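One structure is given below, represented as structure tokens, and several questions about it will come after.
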Amino acid sequence: MIIGQVINSVWCTRKEDSLTGMKLLIVKLLDSQNHDNSRNIVAVDLIGAGIGERVLITQGSSARKSLGSDEAPIDSIIIGIIDENAEL
Amino acid sequence: MIIGQVINSVWCTRKEDSLTGMKLLIVKLLDSQNHDNSRNIVAVDLIGAGIGERVLITQGSSARKSLGSDEAPIDSIIIGIIDENAEL
Amino acid sequence: MIIGQVINSVWCTRKEDSLTGMKLLIVKLLDSQNHDNSRNIVAVDLIGAGIGERVLITQGSSARKSLGSDEAPIDSIIIGIIDENAEL
Amino acid sequence: MIIGQVINSVWCTRKEDSLTGMKLLIVKLLDSQNHDNSRNIVAVDLIGAGIGERVLITQGSSARKSLGSDEAPIDSIIIGIIDENAEL
Amino acid sequence: MIIGQVINSVWCTRKEDSLTGMKLLIVKLLDSQNHDNSRNIVAVDLIGAGIGERVLITQGSSARKSLGSDEAPIDSIIIGIIDENAEL
């Protein structure tokens, strides 16, 4: 899993039908000490993460399978919100 | 998922039979603030994305499965077009 | 597989139910000679790794499958603790 | 998918039995504008790509599944040859 | 697939039971011209690779499946030894 910080939500009026009702968040990855290498990804949020919170993200087929579907076009989900005072 | 911008389409006269009829777009990834690290990928488009539009992309087995086939040689699809005035 | 060094544990009070009881460790990857490129990931630990120990990590669907579940939202697990005097 | 240029073939006298008869090509990835980051991979070729040609490559489980086998030790295949005069 | 050079073996006294008897090798990837970006991975060796030899490696679920098991915690295997006089 990787750690990131929620920076925004993302809206798509035109999208795959199966995405309807899913909350999509832009997450800045905190996996590198090299700020020039920082990357953003988009993850499905099922547990109510807010902007600024640090979150734990699972990627790949494990993200899709955990949704209970084998056909959702999803490769990243937020699986936990890291406690506020945690040192990373 | 990752965010990119459509920059062109790509044509292959010689290709796997199962690609016939699929629209393939070159997408410049917008996942990094470091422009030297920007990468291009090719994704299947099922929702009518145009050149210049910013799109949401799913990768890996989740891209293949969402096509309803377990044997398509596809590892990236466009699943949404990001609203024009969205801040990323 | 990749090699990393355990640097901390990570706590999430709000999380996916299926994570309850799993020990999650932050691991600094030792896969690059370029320290500016060093990355951190979070892995499930089933074999009792401690802070400072060097560990072997499996990623992707192989991490999830080895837990004996096809739906756990897990993409990284620690599968071995590297002997202390090993040269890497 | 990613785009690359075929630069050579690769020969392994000692190899997994299931690789026998497969044509393996070294491909320089053209996915980055930063030449210091250029990477080489090895892909199975089923459609007759030649040295110097630009090709489209699928990776991961989608490469294996498209071979019609679930056990081939293959994670990259060439699925198309990009038309010669195409701009990338 | 990717190309690397075997640089050492790795020993884990404490490990997942399913790893018992597997030979694990540290491999320096030769996929980049940029030496600052060189990475090391650990791969299972089933074909008798020696230190210094250049090898072909498959990653992800294709590595696990080729072992004939769907639950082995393995994401990288050596599938070929590249002929000594080959140019890469």
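Which chain is which? They are A, B, C, D and E, in the order written, and residues in each are numbered from 1.
As a convention for this text, contacts are C-beta pairs under 8 Å (C-beta built on N, C-alpha and C of every residue); 3 or more make two chains touch, one makes a residue touch a chain.
What you are looking at is a predicted structure, and each value in this text was computed from that prediction instead of being measured.
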Steps in the shortest chain-to-chain touch route ending at subunit D and beginning at subunit A: 2
Rigid-body rotation angle, subunit E and subunit C, from Cα fit (steps of 5°): 70
Interface residue identity across copies subunit B, subunit D - same or different by half: different
Length of the line joining the C-alpha centres of subunit A and subunit E, rounded to whole Å: 31
Subunit D-subunit E separation of Cα centroids, rounded to whole Å: 19
Multi-partner residues of subunit E (at least 2 other chains): 37, 60-61, 63
Touch-based graph of the chains, sorted into line, ring, star, complete or other: ring
Traversal of the chain ring from subunit D via subunit E: D, E, C, A, B
Residue numbers on subunit B that touch subunit D, as the complex places them: 8, 10-16, 18-19, 24, 26, 36-43, 60-61, 63-64, 70-76
Touching residues on subunit C, where the partner in the complex is subunit E: 1-3, 30-34, 37, 46-48, 56, 58-63, 65-66, 68, 77, 79-83, 86-88
